[in-house]
Each structure stands twice: as structure tokens, then as C-alpha cells.
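Dropping the structures in below, format is C-alpha cells.
In the two complexes below, chain A is the common chain; its partner is chain B in one and chain C in the other.
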Partner chain A sequence: MSILEYNGGCVLAMAGKGCVAIASDLRLGSQAQTIAFDKSKVFKLNDQCFIGLPGLLSDSQTFVDKLKFRTALYKLKEGREMQPSVLSHVTANMLYQKRFGPYFIEPVIAGLDENGDPFISAMDLIGAPVFAKDFVLAGTSSESLYGMSESLWREGLEPEDLFEVISQALLSAFDRDAVSGWGAVVHIITQDEIITRKLKARQD
Partner chain B sequence: TEDNMEALRQRNYGPAQYSAPNKHLIEHQFSPYVNNGGTTLAIAGNDFVVVAGDTRVSFGYAIHTRENNKLCELTDKCIIATAGMQADQVTLHKLLRTRMVQYKQEHGKEMSTTAIAQMLSNTLYYRRFFPYYTFNVLAGLDSNGKGCVFSYDAIGSFERYNYASSGTGQKLVQPLLDNQIALKNQQVERLEDLTEEEVVTLVKDTFTSAGERDIYTGDHVEIAIINKEGVRYELFDLRQD
Partner chain C sequence: MARRYDTRTTIFSPQGRLYQVEYAIKAIQNAGTAVGILTKEGIVLAAAKMVTSKLLEQKGTSEKMYIIDDHLCSAVAGITADANILVDYARRNALQYKFRYGEPIPVESLIQNICDLKQSYTQFGGLRPYGVSFLLAGFDKHYGFQLYKSDPSGNFGGWKATSIGPGEQQADSLLKNEYDEDISLENGLQLALKVLSKSMDTTQIEADKLEFSTISLNDREQLEYHLLTENEIADLVASADLEPES
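Entry: the complex of A and B
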């Protein structure tokens, strides 16, 4: 049993036309025992940046607090909001600082930059980043998510279609994972608005 | 110097150096099993069944061959597809072929798909304490001409399904089949049954996706379609990387 699998959970982010979507399941468990079904792994840092932190919940919560501190300080110093590409580099740097005693999280970042272009990235627990054009994901159902996303994603999805694609990919993928599931939440981020929806899922 | 280098090598790469009380008795462990990778899947239709398997055989990061058959035609109505260790796959297929001939001679007729399904389970369990490292999917037409698919674990636990997959790409493929064939998590209903062409297209798309993200899946896909006319084969190309 790996520490990254202790609490369970998964996050998926996809890029569309002028929009991004990021979604996670809602389960919190202690190995086989389910403790809560309202724990989203996606956190909003500002209107442009969302970060998903699957893995050990304790590290997720600690790390997001550190990130909130860093983004607030950035805003004070720079006088502008932190862009998602910057957040990605900052996160990677913070993770590598703990190279020999890492945070057990695998961040997934999604947002729109100041020009409205979609940005998604992910990294491993020691900060090796990946910048993708299509989708990024992490969590205990990662292989299932790869299979679903690779098949369902296509270029140029509008926000409503992107919502359908990301929802189907996430739902079908975590239904095959015992430690993920118990509901899901999806955020669709466009220039004008952020729409958050809860998905109806099997409660097992 | 040479001696220093040798000592360094021994210290860094030797197996039980850290815990061995003396450096003369070193425990080596021979593993009889290896995973040669690959993915298989089968989908049952109303009066047909489609079975497919990729043709790559891997050994770690190396490729042994791009031209291997995972499918074995047992009768004109039944095909077995096996992923896992290639050595056990060929042995198992050889054994089953032999049993087909024996059955035909004893009973004067071909073995039915459901009978083969049970026999495969028994054959695998026979080796309960030194299993075949095989993950099997059996597919065929039952005695009513309806498509059926059986999925097995390494020691013979099996169940009949409408669709199944196994191998290194199973985790990538299975949720897609749940979503597209059983229409799970979708509020739509299927008005007409899937046709052969639709299923074959789905199989090709599924393997293309699996080939993108699973390093052990690729090269070609051997697809077999069984219906009342017999068995028809197609070979579909995948990425070679």
C-alpha cells in the first residue's frame, strides 16, 4: 500500500476552446473505510487558477494553505493576480524543495491566462511538470482516466461539451476504482464565468 | 584499480550484501514468471461476438516481437484471447487445442462455448499452486447463437459478461467499455442493438487509445469477428513506439 493511495481520490483537467475544466471525486477514506463524501480535491486560488491536489489529504490541505499564502503575497508584491503558468512553476519549485521528504500529492493545475488562453499542467510529487494541450490527471484511478480521456477528448470543445466529456471520463473511470468515487464536482472556467456542478454518481 | 572497482561493484549492486552475515552465501531468487504485456478485449453482440488482442510481446522495455497471436480459434464458434506471460499462453492454447480434438473424438461433436468456458476454468484451477500466468477472455456463440464473453483470473475464477478486457491495458479499456457499451453514467438508452461494424469501430478506437498511453500495447491489433457464417479476421495497425 502506497501513501498516495491511503486516502484515495482522483483529479482530471481538460482544455477546451477558450475554456478549461477541472474535476475531482468527493471521497475521503482511510484505506477501506470511507470517512466523508464531501471532500473535493480542487481548490480555487484566484479567478484564473484552480489546483487539484489528490494524494494524502493532510499534505493536500497543508500545501494549499501554503499556496494561498504565496498567491496572496504575489498579489501584494506584483499588484496582479498570479497566472496559472506561474503557479505551475511555483508549485514545482515548492515540491522540489522537499525532494528527500516530499509532500505526497500530485498537483493538477488548470486555468485561463490573462489572454484567455487555456492552461493545464500536472506534476509528480517532487515537482516534475508536464504541460499538455489536451488533458492532465492524477490520482488512484489514473490509468482508467487515461483510457477514458484519450478516447473521449477532442480538440475545440465548447464549455458545455467539455463539461459532458470531462464528466463522463471521470465518472466511468472512478467507478472502476474502489477508493475513489462517492460523487464528483466539476468546475468549468471561461472568461466570463466559473460554473461549478455536482455530478450524480454511484455511492459506493 | 581493478580490485577496488570490483569491490565497489559488489558493494553497490550485490543482492543480499547488506543483511548477509557472511559474503559467501548470497540468496538468488529465480522467478518463473514474467509479464510480456499486451491487451485483449471481447464484446458480445446479439448474434455475433468480436474478440481482439494486440500483437506485441514485450520484455521489460524491450520488444520481443511485433507479430504475435494472442487469439486462438478453438472451434468455429469460439475463440480464446490470452494476455500475460507468453510462455504460459502458448502452452495453455496448445493444451486446449488438444482437449478440443479429444472431445470431438469422444463425443462426436464440437465442444459448445459454455462447455469450453467451464473446462478452461477447471484447467486453470488444476494449476492452483503453480498457476498459468494468463489472463484469459473467452468469446463465442452459445448454443442459441447469441454472443457470449467469459473473463477469467489466473486461477480460473470466471463469469459471463457482455464485454470484457484483460492485460496491461485493461485499466484503460474497461471503463470505456462500461461507458460505451453498457452506457453507464449516461441517461440515454440504446434503441437498436449494436451492429458488427459499430463494435469493430469501437474496438479499433479503444485499442488506439490504449496504445497511446500503455507502453506494452501497440504494433497491430488482431480482430476476429464470429457470427453464424463463421470467423472473419482483420488486422489493424497501431503505433509502433
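Entry: the complex of A and C
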């Protein structure tokens, strides 16, 4: 068993037209046993940046606290919010600092930059980033998520359509995974608002 | 006589004085005055800028006012470069507390930490003290709105109304007479303007030489920091109907 599979969980992010969506399942487990079904892996850092941190929950929580420290200090010193592309770089840097004793998380970043353009990126646990135009994902259901996203995603999706696509992709993918699921949460981020919805799913 | 005992911070004079610390306190007199007023609705900080020139490009930065955290702000007087270091220290300190304990740092804890740092420069290392006095304004769930003043020695105290900088004696005596605990935030701003202008050397009050900030609870019961815009300061000055110093 890999430590990255201990708690279970997955995150998916997609880019649409002038919007991004990021979603995660809600399960927290201790290997086979389910402990909670209200643990989202997606965290809001500011109105522009969301980060999903699937993997070992303990490391997710610690890492997001560290990121909150960094984004708050950045805002005080620079007098502006941290942009998603910068956050991506900072995250990768922080992870590589622990190259030989890493955080067991695989971050997924989604947000809109100051011009309103969608930005999504993901990286491995030691900070190797990937920047995509379509979708990024991580977690125990990653293979199924790749399949679903590749099939369902198309360019130029409006917020409501993006919501449908990301929800179906996530739901179908984590249903095939024993340690993910138990409900999901989806955030749709546009220039004007952030809509958060909970999805009803098979509770198994 | 003082010459023998004033070049190092780490020695006392025979009279029991620390000359370097005293000289650091004197350095504050070369900066602009700052005033702080505590009201039940929030805290007013007002400051006079020293560096004013039409050529100065000062978007987004302030000479006197600094936000430390969501619930804390400060006005500084003294050597600006030293103040920048201390403000950065204060910001990190406040965020580290939040990281460690999951809640905002109590105002008194932060001023204590800043002052402990300042004090260490009066006793260890042989380095000169920071030439900065702070007015720290903040809110926490323990004591509500609080105002603290600190000086280069590392001493601090909690105040209802006080000032730092060259006009502090005049400002403090005026505040003693005019301050009332039940003053509103709005009147606090007026009082701060009056006190600041009376303690300044100039006869004319120019809006672009002043900075005002408030920290208070807004209608949604959220803590809000507001740095007054040039227009708002101009309105404040206009409505204050100030008499020029004779």
C-alpha cells in the first residue's frame, strides 16, 4: 500500500470559457475503513486561487496552512493577491524543498488570473509542474479520471456546462475507486462569482 | 562625560543610563508625528508625512501606515528603513502565530514580541537599537479594540489616546484635555486631525501631508481597515474648520 493511497480521495480541475472548475470527493478513510464523508480536498486561498490537495490528509492540512501563511504575507508585502500561476510556482518550490522527505500530496491548482483568463496546473509530490489547457487531476482515481475527462471535456464550455462535465467525469471515475467517493463538492469560478455545489453520490 | 559610555549599547553609564537607547529615542524626533485614538467603535491612527514632494511616486506604499494582519495595523515614527524591518518582522510573527494556533494573534502578544526584539538590541550583539516607535492598533476577542505604543527601548504600554514623534508632548496634553472614552469614530478622526495639526510646526494643513487610517467593525460585524483617500482627507480637513496657528 502506498502512503498516497492511505486516506483515499481525488481532485479534478477543468478550464472553460472565462471560467474554471475544481472538484473533489468527500471521503476520508483509514485504508478500508471510512471515517468521514465531509472532507473536501479543495481549499480556497483567495478569490482567484483554489488548490486541491489529494493524498495524505495530514500533509494536505499542514500544507494548506503553510500556503495560507505564504499568500497572506505575499498580500501584505506586495499589496495584491497572489495569482494562480505564482501560487503554482510557490507550491512547486515548497514541495521541492522537501525533496528527500516529501509531503505526500499531489496538488491541483485552479483559478482565474487578473485578466480573467483560466489557469490550471498540477504537480507531483516533489513539485514537477504540468500546465494544461483542458484539465488536470490527481488522486487514487486518477486513471479513471483521465479516461472520463478525455472523453467528456471539450473547448469553450460555459460555466453551467462545465459544471455538468466536471461533475459527471468525477462521479463516474470515483465510483470505480474503492477509497474515493462518498459525495463530492464542485466549485465553479468565474470573474463575477464562485458557485459551490455538493453532489449526491453512491455512499459506498 | 557621556562620551565614555555612549558608544556601546551594552554598557550602562555611571548614572545608570543607556545612552544609545536614549539617542535612539531622540531619533524619533526627526520623523513625522503620529497620533492614535481608541474609541468604542474602533481606532483612529493619524500621521504627518515628512517626505513630501511633487516628484514622489508613492502609489500603493505608505510612509507611516502599515497593515500587519487582518486585525492589526500600525503607524510608525522614526527611521523608515528600520520601521520596514520591524513591520516585516511583525507580519511574519502574526502569521506564524496564526499558523501555529489557528487563531489571530492577540494584540498584546504581538506588541510584546516586537518589543522583545527591540529590547534585545539594547542588551545583546553590540548592534544599535531600532530607531522606531510604533503605534499598534488592533482587535482581538480577549480585550476588543486596543492601542499600544512602543519605543526603541522595547518599552510598551496600552493607551486610550497617545502620540509619537516630534509633536508628542503638545499632542498628549491636548489629548488629555479633549479625549473622552465615549467619543465616536467620526469624532475621533476630527480630534486626531485637530491634535495633529496643532502639534505640527506648519501654519497650513495640507491634505497630502497627512495620512489617516481606521480599524473598526463594519455593518456586517466584520473587522475593516480603511486607509483614507486623498479626497476623504481633504473633506475631513475642510469640515474641521481649523484655525491656523498664530
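Note that in this section the second predicted complex is superposed on the first by the 204 of 204 C-alpha atoms of A that agree within 3 Å, B and C clash if a C-alpha of one lies under 4 Å from a C-alpha of the other, contacts with A are read in each partner's own complex, and residues count from 1 in each chain.
The working rule: contacts are C-beta pairs under 8 Å (C-beta built on N, C-alpha and C of every residue); 3 or more make two chains touch, one makes a residue touch a chain.
Being a predicted model, the structure only gives us computed values, none of them experimental.
By the touch criterion defined above, A:E143 reaches chain B but does not reach chain C. Using the contact criterion defined above for the overlaid structures, shared-chain residue A:L73 touches chain C, although it does not reach chain B. By the document's definition of touching, of the two partners only chain C reaches A:D65; chain B does not.
More residues of chain A lie in contact with B than with the other chain of the pair chain B and chain C.
By the touch criterion defined above, A:S151 lies against chain B but remains apart from chain C after alignment on the C-alpha atoms of chain A. Contact with neither chain B nor chain C is seen for A:S24 once the two complexes are overlaid on the shared chain. After overlaying the two complexes on the shared chain, residue contacts for A:R176 are found with chain B alone; chain C is out of touch.
In the superposition on chain A, none of the residues of chain A is touched both by chain B in one structure and by chain C in the other.
Residues 65-66, 68-69, 72-73, 76-77, 79 of chain A are the ones that touch chain C when the two sit in their complex. Every residue of chain A that touches chain B in the complex is listed here, in rising order: 143-144, 146-148, 150-151, 167-168, 171-173, 175-176, 201.
Chain B meets chain A in the complex at residues 169, 171-176, 178-179, 184-186, 205-206, 209-210, 212-213. Listed in rising order, the residues of chain C touching chain A in the complex are 60-61, 67-69, 88, 91-92, 95-96, 98-99.
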